[in-house]
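Following this line, the structures themselves.
In the two complexes below, subunit A is the common chain; its partner is subunit B in one and subunit C in the other.
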Partner chain A sequence: MTGKAWALVCAGALVAGLAGCSSSDGGSSDGKVTLTYAYWDKENQGAAMEKIAREFTRTHPNIEVKLQFTPNKEYWTKLQTAAAGGTAPDVFWMNGPRIGLYASQGALLPLSDRIARDKVDMTKFPKSLVDLYTLDGKQYGIPKDFDTIGLWYNKKLFDAAKVDYPDENWTWDDVRAAAKKLTDPAKGVYGIGAMAWPQELYYNTIFQAGGYVVSDDKKKSGFDDPATIEGLKFWKDLLDQKLSPTVQQMTDNDPIEMFKSGRLAMWYDGSYDAPQYFRTEGLDADVAPLPAGPKGRATVIHGLANVIYAKTRHPQEAWEFVKFLAGEQANRIQAETGAVIPAYEGLQETWVKSMPKFNLKAFIDQLPYARPYPVSKNTAAWSRPELDAMTKAFTEGQDVEAVAREFAATMNAALAQEK
Partner chain B sequence: MRSGRLWPVHLVLAVGAAAMVMPFFWQVLTALKSFTEATRMPPVWIPSFEWSNFAEVFEAGPFLRQFGNTVVMTAGRTLAQLLFCSLAAYAFARLRFPGRNVIFIALLSVLMVPGQLFLIPQYQIVQSLGWLNTLPGLIVPGMFSAFGTFMMRQFFMTLPAEVEEAARLDGANPLRIFWSVMLPLARPGLLALGVLTVLWSWNDLMWPLIVNTDPEQMPLSAGLSALQGEHMTDYPVLMAGSLMASAPIIVVFVIMQKQLIQGIAFTGSK
Partner chain C sequence: MSALDRAVAVRAAARPSARRRLRDREWVWGYAMIAPLVLGLGVFYLWPVAQSVYYSFTEWTLFGDATWIGLDNYRQVLTDPANAKALRNTFLYGGLTLLGIPVSIAVAALLGTRGLKLVSFYRTLYFLPVVTMPAAVAMIWSWLYNGDYGLINYALSFAGIEGTSWIADPDTALYAVAVVGIWTQIGYNAVIFMAGLQSIPSHLYEAASIDGAGRVRQFFGITLPLLSPSVFFVSVLSVINGLQMFDLVYLLFRKGNPAREETQTVVSLFFSRAFEEGAKGYAAAMAVVLMLITLALTVFQFRMQKRWVHYA
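Then we have the complex of A and B:
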C-alpha cells in the first residue's frame, strides 16, 4: 500500500472516530472501574508496566488497570481502527510523530485544565518533551520517558588502531580523522555507519550544522537550507570516502548488528539500544556525547507520553491513572528496569546505574542542548517520503544537495495541506 | 545410465533444497541457544541445549489456549471457505443467470483492493455485532474470499460439460449436480484451496491483533508477537515459540504438498 493511501485511511479513521458511537465498556454496578492501558513493548517494559498498574490499584482500590499489548508494528493500525469504532483504550502510549494528528483530530483529551487544577508540576519533565505534546497551547500528554542519541564506539577496534576514545571535546573533524584510521577494508571493518536514519543520525548533524528540519511555525521545510544540507553532507562525505558501508549494505545487514559484531567502530545510536548492547557478549563498547558540529552541540531528544482517549467513559479515573504514571513512584519503577530513561527529574541517576559498564551519563549530560524530534501536525505525510529521499541521497553517485532540495518542495506541499 | 544423466540436476536441486531448509535448521538451533549464544558473532553452531526456552514460551502467555484458538479459527475459516467459495464458484462457472459476468467482475475487483482498506468497516461491523474479543469475530470475516471463489471457478471451468449434462438428463437439480457430481471431481482444487486457507489463517496476524485484545481470545500468531520487543528481542524464546507454532502447519504441508501443487497447476493461478 502506498504511503498516500495509508495516510488517507488513517485520517479517515480518525474522522470517523469522532462520529462513532460509544466508548469501551468497563463500568460495573459495584462502582469498580476497569481502565485499559495500551502499550507496545512487552519484552522490555511489560514487567514495569504491570508493576505500575498493580501499585496504582493498591492505592486506588476501585480502579483496575488492564494492560493491552500490541506490537509496535501493528499498534498504530489497531489504534486507528479502534478509534474509528469509538473503542480505543482509555489511556495509551503516544509518540512525537503521531501526536499532531491524534490531537488535531480530537481523539485525545486535553489535559491542561486538570494539570492546573491538581497542580501537576510539569517542570519536573524536560521542557522540549512537554512542548512536543503541546498543541495550540493545550497539553495532550504527560512525558513518560525520553531518549537522546550518543556516539557508541567499539573499544577493541579503537585500541587496535591506536585511536583515543571519543570524549565530550570531540568535533566533526575528530570523527572524520578517527573514521579514516579505524577503517580497515581487509578486515571488513568500517570507521562509522552512515545510514540514512533520521533520529539516530542525520537530524543530529543537521542541528549541529545550524540547520532545521521543519520551521518553528511548521510551514516550511528546512531541507533546502544550506546549513541543513551541510548536516547531510557530513554523512555523505564519509560514505564517499568509503569510511562507512554503503546504504545498500546496511539495508541488507542491520547496522546495529554490524556494530554488535565489531564491523563498525563508531555508531550514532539512541539510549534505548543500550540494553541490547549491554547484553551482547563479546562487544566491548562504550558511549560518548555526540561530537560538536560547526554550530555547536545538539542531540535529538524524543520521548513517549501517556495520553487519554477523548471518548473514554471514565475520564476522571483515566486522569487519576495518568497522574500516577506522571509521579515519582511510577517513574522509579521504570528506571529500575533500565529499559528507558524515565522522564521525571532526578530519577535518571537510577537508570544510569542500571548498566554500570557504559558511560550512560553521556545521554543525560546532553539534555541542556537537546533538540526536540521535529514534527508537524501530520508528520506521517512527509516522514515516509523523507526517508525514501534521504536513502536515495545517501546512495552512491547521488547529489545530496539536489535530492534534498527536490524533497524540500515535496515536504512544503505536504505542510501546506495542514491546517 | 539413467542416474548418471540426472546427477547434475540432483546436485542443483540438493543445493536449492539445502538453501530452503537452512532457515528452519537455524530456527531449531536458535531455539536451543542461550541469548548470548544467539547474538554472538561469529555465529555459534553448537547450541547449549537450553530447553528452558520452551518453558518460557508457556510462561509468556496462555500458549495452549491460544493454540486451541488458532486451531478453531483455522478449521472454521477453512471449512466455510471450502463450502461457500465452491458454491459461488460453481454458480459463476456453470449456471446461467442475468448479470453473471458483471457480478463476477465486481467480485474480482475486490482482489484489487488492498486488505487494509477493509479493516475499519470490517471492524465496525464486528463491533456492532458485539463480537470484539470473541472467536466468531476472528472466524466469520474469514469465511469467504474472492480469491477462493475465483480459484474454484477456474477449476470448475476445466471440468468436462458432458458429465454435467448426463446428470441433468438423469433428472438431477443444480444443487444435486454440484454436490454429487462436480464437487467430487473438484477434489484437487478443494484441497489446494484448503491448504492455502489453512496457511493464511494460521499465519494471520493483523486482523486477530485488531479485533481481540484479550490474550485468552488471541490466536498463536498474535500471542507470539508479544515476545518481540521494540528495541530488543529474546530470539531463542521467540524461535522456540514459533517453532511450536509452525510445526503442525509444516506437517500439513508435507502431507498435502502433492495435491497443493497439482491444484495450483490446474487452475493456473498464483
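Then we have the complex of A and C:
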C-alpha cells in the first residue's frame, strides 16, 4: 500500500471515530435526548412504567425515555458492571440495601441542590424513606413507592377449622393458637409458613420482640441480642411444633405458591405481592395488620427510590424526569395499577381501592409504628451470609440461638470493614 | 539474442529476488493467518488472566478503583473457612464425576454392540443431555428431586421408602448435583469411548479367543489397556470440568436453600464474592488459587499416566 492509501485509511478511521463519539451521545441533530430508565419488575409494574414514560414524553417532547428491564436476579450484577465501566443507565431504581454503597462510592448524583432550587416538597413522602436515601446530609434518591408487611390468611381454611379471622388485636399467642387449630397433616395443610425470609418474616418479629438487626450507629450486629433471638425463636418454635412445612419443603415448593394453593392458612407477606394473590383464582384470602409481639407492634417498611447516575451525559434532562417521577401524576399512575403503594402523600387511598376484595388499608394503618428496613453502608457484605445463617438456623435440629450468635460475629466483622 | 532468449534471461535474473520476496511474504502471511486466533486468545483469555492476577493483589471497590494491597487477599483466601469448605465440596464433586467414566464405557460398549437395532436413535438419546441448556436440565431435575411431588420419591414410595427433599437436604444435595453432572456428561464421554473402542484392532480379540481367553479376560486384557488413552483424556477433562462446576449449582440452589453451604463450589463462591458482595480483588485471588490447583492436578494426572496409560 502506498503512503497516500494509508493516510486515507487513517483519516477514515479518525472520521469514523469522531462520528462514533457524537452518535453515542444519545442526542441527535434535532436536539432530542434519549434517557435510559432501568427497572426490575415488569410483571407487576411494567405497564405503569411504560405509561409514565409516555406521559413524560408528551409533556417534554424533546426527551424520550427508553425503559431497560432486567430481572431482579441479575439487576444488581448488571448495574454494578455497567457503573464500573461508566455506562450505567441515566436513571434507575434503587433499594435500601444498596443505597449506602452506591452513594458512598460516588455512583449517584446528589440531588439536594436541585431539590432546593426547584422546590420539590420532600414532606410529601414518608420520612423514614426520605431518610433511607440520605447519606451524610445529602439526598440521593426520591422515594418512588413503599411497602409494609401484613398477615395474609386463607378464609376458607379458617372457616373449615372454625377459627376467627385475624384482626388488629391479635398477638403472637393468637397466631400460635390459630396455627395449632389450622394444621391438618392428613390434608397437607399447615397453619403458617415459617420461611427464613428477612423482610417478610423474621425482621418483623425481631422488632416486635424489641430486638434490632443493626445498631443505630451501624457498628454492631443485633443477632446476639436476647430480644432479637426471641424474635427468631417465634418462627423456630412454630417449625419445631410442625405447624409449618420444613424449610426444605418450602425450598422445593415456593411458600407463596403454597399459600395460593391453600396449603398454608397464614402467611406473612408484603403489599407488593397483593396483585398476584388478587389474580389467583379460587383463593379466598384477606389480609390483617401484623400481630403484636411482647414489645408491641411493628412492621418493616421499605421503599424504592429513583436515582440519577453520577456520570450521566444528560444530568439536566435526567433530573427533569426524576422530578416528574416524584410528582403527583406519576404516582397516581402507579396507584391506579395497584402494583405498589405510591410514596406520594394522599395517593394511598387510590391504591387501597384498586383491589377492593382485600383489606389493603391494613398496610397503610401500620405506618405509625413501621420500622425502616435495616441497612448499613455495605449491606450486601452481610445480608447474604445472614440469609445462609438464618436458613441454617431454621432447619431441623439446629439451635437458633447458637447460630444467631455465631452469625453476629461474622456480621460485626463485616461492619468493621465499612468506612 | 532472440526475444525469447532475452525473456528467459530476464526471468532468470529476476528469480532470486522474487523468491526472497516470496519468502518474506510467507513469513508475514503465516502470522496473518494465525493472527485472528492469537488475537482472540490474547484478548479474551491471556489478557484477562494477566489482569486477574494483577487485581488479585488489589482491593478493588465496586466501581473500579483498585488499590494495591500486596498479599492481603491471599492471606484471607487461605484462612477463610468458607473457602476450605467450598474446596472440599469441589473436590468431592470432581471425584464423584469420575464415577461417570465406567458408566460411559458401559454405554459406549452397549452402543457399539454388533447388530443393535435403532442404533442412531440410541446414540441421539444419550447425546441429548450434552446439547440441552443447563437451565432446562436444572429445571427438569429440580422437579424430579422435589420432596413432595417429585417423580423420584413417587417411585421410591412403591418400595416403601420415604424420600427426602433431595436438593434441599444438606446430606444429599451434593450427591444429587453430581448425579445430574454425570448424567449430562455421559453422552459426550461415550462418543470418545466409542471412537476408542472402534480403534482396537479385531485381530487381537481373534488371537485371544484362539488362546482360550473368555469375554471377561478379553475386556481386562485387551479392551481396557487399549482404551486407557481415552480414559485418560476423559478423566482429565472431567476433573477440570468438576473443579469449574458452577452453572448447575447456581441454577439448582437458589437463595434460602438450606443445603447451599454444603454445595457451594469454589466457582459459585467466587461468583457471590465478586458479583454479589462486590469484593472483586478478593475474588480474583480465589480464581488465581483455583487456577493453580487445577494446574497442579492436571500436571499430576499427566505424570501419573506413565503408570497406566498404554498408547498402542
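What we mean here is this: the second predicted complex is superposed on the first by the 394 of 419 C-alpha atoms of A that agree within 3 Å, B and C clash if a C-alpha of one lies under 4 Å from a C-alpha of the other, contacts with A are read in each partner's own complex, and residues count from 1 in each chain.
Rule of thumb we're sticking to: a residue touches a chain if its C-beta (ideal position, glycine included) is under 8 Å from a C-beta of that chain, and two chains touch if they have at least 3 such contacts.
If you're wondering where the values come from, they're calculated on a predicted model, not measured in any experiment.
Asker: In the superposed arrangement, which partner chain does A:T87 touch: subunit B (first), subunit C (second), both, or neither?
Answerer: After superposition on chain A, A:T87 lies in contact with subunit B alone.
Asker: State whether A:L238 touches subunit B only (first), subunit C only (second), both chains, or neither.
Answerer: Neither: A:L238 stays clear of subunit B and subunit C.
Asker: I'd like to know which partner A:G262 touches here: subunit B for first, subunit C for second, both or neither.
Answerer: The first partner, subunit B, only.
Asker: State whether A:I142 touches subunit B only (first), subunit C only (second), both chains, or neither.
Answerer: In the superposition, A:I142 contacts neither subunit B nor subunit C.
Asker: Looking at the overlay, what does A:D41 touch: subunit B (first), subunit C (second), both, or neither?
Answerer: After superposing on A, A:D41 lies in contact with subunit B but is clear of subunit C.
Asker: Pick one for A:P275: touches subunit B only (first), subunit C only (second), both, or neither.
Answerer: The answer is first: A:P275 touches subunit B but not subunit C.
Asker: Per the contact definition in the header, classify A:F69: touching subunit B only (first), subunit C only (second), both, or neither.
Answerer: Once the two structures are laid over each other on A, A:F69 reaches subunit B alone.
Asker: Quick one: is A:G106 in contact with subunit B, with subunit C, with both, or with neither? Answer first, second, both or neither.
Answerer: The answer is second: A:G106 touches subunit C but not subunit B.
Asker: Just to be sure I read the superposition right, which of the two partners does A:I192 touch: subunit B = first, subunit C = second, or both, or neither?
Answerer: A:I192 contacts neither subunit B nor subunit C.
Asker: List the residues of subunit A that touch subunit B in one complex and subunit C in the other.
Answerer: Of subunit A, residues 77, 80-81, 84-85 contact subunit B in one complex and subunit C in the other.
Asker: Looking at the complex, which residues from subunit A come into contact with subunit C?
Answerer: Where subunit A meets subunit C, its residues are 76-77, 80-81, 83-85, 101-102, 105-107, 188, 195-197, 246-249, 251-253, 378, 380-381, 384, 387-388, 391-392, 394-395.
Asker: Which part of subunit A faces subunit B closely enough to touch in the complex?
Answerer: 1, 5-6, 9, 12-13, 16, 20, 36, 40-44, 46, 68-72, 74, 77-78, 80-82, 84-85, 87, 260-262, 272-273, 275-276, 279-282
Asker: Under the stated contact criterion, what part of subunit C meets subunit A in this complex?
Answerer: Touch list, subunit C to subunit A: 61-64, 142, 145-150, 164-165, 167-170, 254-261, 272, 275-279.
Asker: Give the list of subunit B residues in touch with subunit A in this complex.
Answerer: Against subunit A, the touching part of subunit B is residues 35-36, 39-42, 114, 116-117, 119-120, 123-124, 127, 132, 205-206, 209-210, 213, 225-234.
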